[in-house]
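Okay, here's the structure, questions in a sec.
Every chain is named by a letter (A, B, C, D and E) in the order it is written, and numbering of its residues begins at 1.
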Amino acid sequence: MADDDAQTRPVPYRGGGFSARPMRSVGVLTFAALVAVWELGSRYGYISNLVLPAPSEVIEAFRDLWVSGTLWEHLGASLYRLVTGWSLGTIAGIAVGFAIGLFRPVRASAGPLVAAIFPIPKIALLPLFIIWFGIGEASKVGLILFGTFFPTVIATYGGVDNVDRTLVRMGQSFGLSRWEIARKILFPGALPAILSGMRITAAIAIILIVAAELIAAQRGIGAYIQMAGSLFATDQLIAGVLVLSALGLTVSALIGALELWLLRWRA
Amino acid sequence: MQLKLSGVGKSYGGLPVLSDISLDIASGEILCLVGPSGCGKSTLLRMIGGLELPDEGEILQVGAPPEGSLNPLTFIFQDFALLPWRSVAGNVSLALESHRAISRAERAAIIADVLSRTKLGDFANAWPKQLSGGMKQRVAIARALAVRPAVFLMDEPLSALDAQTRDILMDDLIELWSRERFTAVYVTHNLQEAVRLGHRIAILSRRPGKIRRIIGIDTPIGARTHQDPELLAIQEELWGLMREEAEAADKELTHG
Amino acid sequence: AEAVKIGVLSLTSHSAAFIAKEKGYFEEQDLDAELVTFQAAGPMAVAIASGDIDFGVTAISGALINLAEKGAVKVIGGALTEEKGVDGQKILVSNAAYEDGVTTPADLKGRSFGITGTGSSFHYMISQIAEKEGYSVADVDLKALQKVPAIIGALKSGQIDAWSIVPHIAKGLDGSGGAKIIGDVADYIDGYQVTTIFTSTRNVEENRELVERFLAAYSKGIAEFNATMVDKTEGEEAQEATTQLIHKYVYTDRPYEKAAGPIKAGAMRLQPNGRLNIASVEHQLNWFKSEGLVDEAIELDTLVDTSFVETQ
Amino acid sequence: MADDDAQTRPVPYRGGGFSARPMRSVGVLTFAALVAVWELGSRYGYISNLVLPAPSEVIEAFRDLWVSGTLWEHLGASLYRLVTGWSLGTIAGIAVGFAIGLFRPVRASAGPLVAAIFPIPKIALLPLFIIWFGIGEASKVGLILFGTFFPTVIATYGGVDNVDRTLVRMGQSFGLSRWEIARKILFPGALPAILSGMRITAAIAIILIVAAELIAAQRGIGAYIQMAGSLFATDQLIAGVLVLSALGLTVSALIGALELWLLRWRA
Amino acid sequence: MQLKLSGVGKSYGGLPVLSDISLDIASGEILCLVGPSGCGKSTLLRMIGGLELPDEGEILQVGAPPEGSLNPLTFIFQDFALLPWRSVAGNVSLALESHRAISRAERAAIIADVLSRTKLGDFANAWPKQLSGGMKQRVAIARALAVRPAVFLMDEPLSALDAQTRDILMDDLIELWSRERFTAVYVTHNLQEAVRLGHRIAILSRRPGKIRRIIGIDTPIGARTHQDPELLAIQEELWGLMREEAEAADKELTHG
């Protein structure tokens, strides 16, 4: 009995840990601390402003952009190119992607073509676009259109291919026509893939706008960044980069909201 | 309407999956199909439902489908096959929308009727993701009822559910049959289900699936109980017939 | 010998460096010189700041001034200068624009004009032209094309209307029918100090002696270039010999027979002994300030150290 | 009985279709036909070679590159930058990603930072890199390093987070130490995600090398393309773009082979 | 070694999941836990195995674990929890590698032994992906046997398998117990399993789970058959106790 008592103990705990739950407040704090250290480092000369402007200088540069109204000019120019190129590329991409997903002959002929052109880094085509479409808006919009088209095609037909085939078979078993199956089963089923394709193409479009505006653009966030770079104005440069990131985050948030709403049926 | 299979065979890429299946399924009869994994039960059911063509033999429907039947051969799938982007009512509606003859109001009436018959009245607007497995399969049953089928083709309709839910749904199916006397081909791995629900039980052999035996059960479906010794004896007999093959099927390596 | 890296462009106006290198004038000063070729002037100032090179010769650019403000570089002398009466940079228009009636610099208003980048010398030139002709640079559609070859391509194909460039390129384009010369930059800018010699602030402050030795060797190259190529006082043979030397660096993709002409034609006077037209430099600095490209507060001495060469 | 016979008919077939199986030969044929039409169009003057060179001209340009040996010079320069930047970025990214995945304090502080910097289009930072690292190799390698680092971090810790938690719990239930769980369960479990991250970063690296070489390089495929573009030499331009695509395809095939081997356990 | 639970309770984020669970599990006894979905069965098992800490009460192990036991409390999971990147032998090896005292040769001997005991001898080098569900669970059992546990903690070990495979593995488990007389806590939804395998069956109520009833079965495990009327009666009784709650649990909407 004494022996038994000695051997009686709670089962040893060996679980816990490996959790992915974030600690949000610490993140914000780290961030704030980092910016503070950076600012102080710049103020007291530990960080040369040749290498990195102080946060306050970046804010100042941004304020200038804002107050002078050039921010809107640059943003407007970039947005025009982005929206036009991206919308056209996305619409065309979804149409072609669906054609590939639905019709075997289209898949057989257009599929490999798309697969072959897709991996070309679009940015390398910039000089070609300038030759084809000149140095005006057309080449910039065209580059973005081209850059968004192929990933959209691939996301769309990948989405169609990945729609659970039992759902298709279910549709057939209830006597639905091909067109009804395409509309009521394949399209909504491919929507998540199309939307996540949009997320990617939005990021691609922002990268391409920067590249496109390196050449022959007076207005545009990319042009502003390039100008700041060639003038060695790191404060303006970083301000411009931050504007771009904000643009990227906004677009991604918009697509996120769209997803949340359109895909509210998702588990 | 009856079904008549004669000498049906099927191969996939040279691999024979089913051979020489002949069966008659009478109106109002529930035929259970049991057999080891991969023996071609699902394939046979798909062929009966017209989703696949047999390579040999023929599958005939004898007699006209009952009047008002929108989709004489109607499937109920193991994984429910609900459209996740449609509500419960929307999923039932899908099966009706392609029939132009049914007006909006009629459609709504049918939906309300089948949902109430499957005890889903309160869930018409729920998304599939909100439902438990048992509820999902009820939606699939409601959808099937909506098109007034002559024959239900059920491919392991309960096997994705946990044991208790399975029991509950089994009782519901029995109740439904007692009311509606539908015809059904019911594929299952579960011999207990087979002996509770089948008028006849066809046992298939390993691939290529052939009919090894057909056992008839005389006890009326409504009168069968868990403890009925006769049923338990048949279940044991079936298990004796299948055990060896099931064990062998279980030990097969997949993907080489 | 002390190793120094000198940034150059493949242009005849950088010949002083080529001559000094080839003729051993750097070695005479106990310098082990390496020439680093750049595609455009802009990065050269950055390269000084990052320590990639020690000396550079280019136009005064926004980057150069901003770097000077940050204490990284200093202008120490002058090189190419525009003078009235001496063949200098030309204003070019595309054939299409010419046919469309752009025949004088006054017509450039509302037209597109090629520059390498904001704050480049091309930007300065068109601003001065615009000012003298009574319109504003804002009335000109500037196209930043990063690199000279890109501007040439755009001008030839009529995607931009106008440009200004050193005479031999201008004449080459005019001669081959690729574009039309419609004026001289010298008519718009007095005593334009086109290019300057610059180095890192650290060299100026800590290694004056090195800077002086570099300038001595460079000046010798300038003197020889002016004598053989501009004033031609040494005779044809000497001109031919120097041309051959320059061809090692300029127009290397063409055979000598085709390169000799443009090289000879492109010879413009370099300031003897690296003399610096401080007035022009100040004018340029003020222009950059007025365009908002650099900080208003920058003083001339922040940009220039006048203690090395004669100024005017 | 007669009536019955009249009503006896095979069950109607309503399945089939909606298959995603490719028809490979048709693809190759389409491709060949397209190139042939393009070549003939160019030969007979329907396609101006100012706009699009004939395939034969592209091949000729490629042959020039090959024969003169400049192909290897350009490729060598680009590859050096790619391999150095990508390897360093990937190694650092995996290390940091694992630290984030394993240690909550690291996740709390480094996680949000990574999340904040990730969406910045790296290409916009090019002028900054030139300012920081000069115009030599360092800025190009640095850009690629920077561009590959963040996606790798995110792929890695995403992979760690997505390792089935029952496996972790299984490890704990057998008394495995944290380190053993990290090494034997989390690392192999995250490997698929890391490898598919590599696919993406390889594509990003190729895009960034083009951007970096557009600005300040004499050697490199990107520089070659840019030069061809500014000289309006579309044949060389397309030859250069094709070299890049081939590079992209090769890298992707290599990673594919690596995946096939390392992940041969995958269903 | 015995287990003693007294007054165990657990909440997740304020939501009570289990409350006041007291249980004694004797050595060599199989205790089955049944109860509706979400009543906290898995949580309870995790707490017994030391993977989670109870908020209230305590879980004690009484007496020393048997000599040579490498891992006294060993789990067998519903989804097998095999490492897909390790072969069958590698998966078993995982449980042994952390024990420095076991040499390479000993380890190989243990692996060979447990694989042969679970009829897996021929599959030592197969990947998990190549195995059927039944085989996978055999590997998990082999892995558990390798560490010579004092108590098996099994969370619905058969519920991911099809009916026939389930039957086969159930027989194997019974055979195993007859030989080794292990102690076990066995969570299941399947009442048939519970009455065939349990010395005692504890029924939990809906969330927050409490013990509603504990039923003991006297028939020796080795002597139980499918048709045993006594067992069938107990099964019916259990079903009667649980049916209503199972139905209610099934009808709950998830995610609001």
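Convention: contacts are C-beta pairs under 8 Å (C-beta built on N, C-alpha and C of every residue); 3 or more make two chains touch, one makes a residue touch a chain.
The chain lineup, named per UniProt: A, D = ABC transporter permease; B, E = ABC transporter ATP-binding protein.
Please read all numbers here as calculations on a predicted model, not as lab measurements.
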Starting at chain C, find the fewest moves between touching chains needed to arrive at chain E.
2
If you tally C-beta pairs in contact for every chain pair, which pair wins? Let me know.
A-D
Chain centres from averaged Cα atoms put chain B and chain D apart, in whole Å, by 47
Chain C to chain D, mean C-alpha position gap in Å, rounds to 42
Take the average of all CA coordinates in chain B, do the same for chain C, and state the distance between these two points in whole angstrom.
86
Chain A and chain C, separation of their C-alpha mean positions in angstrom
42
Touching two or more other chains - residue numbers and ranges from chain D
14-15, 130-132, 169, 172-173, 175, 215, 226, 229-230, 232, 267
Residues in chain E with touches to at least two other chains are numbered 46, 49, 51, 73, 129, 255
Give the residues of chain C that touch two or more other chains, as numbers and ranges in rising order.
46, 49, 146, 150
Name the touching chain pairs, would you?
A-B, A-C, A-D, A-E, B-D, B-E, C-D, D-E
Help me check something: in the complex, which residues belonging to chain A touch chain C?
48-50, 134-135, 214-218, 223, 226-227, 230-233
Interfacial residue positions of chain A with respect to chain B in the complex:
164, 166-167, 169-177, 180, 184-185, 188-189, 191, 263-267
Residue ranges of chain B in contact with chain A within the complex
46, 49, 51, 70-71, 73-75, 77, 79, 81, 83-86, 94-95, 97-98, 127-129, 143, 147
Chain C - residues contacting chain D, complex:
37-39, 43, 46-47, 49-52, 146-147, 149-150, 152-153, 157
Of chain D, residues touching chain B in the complex
4, 7-16, 267
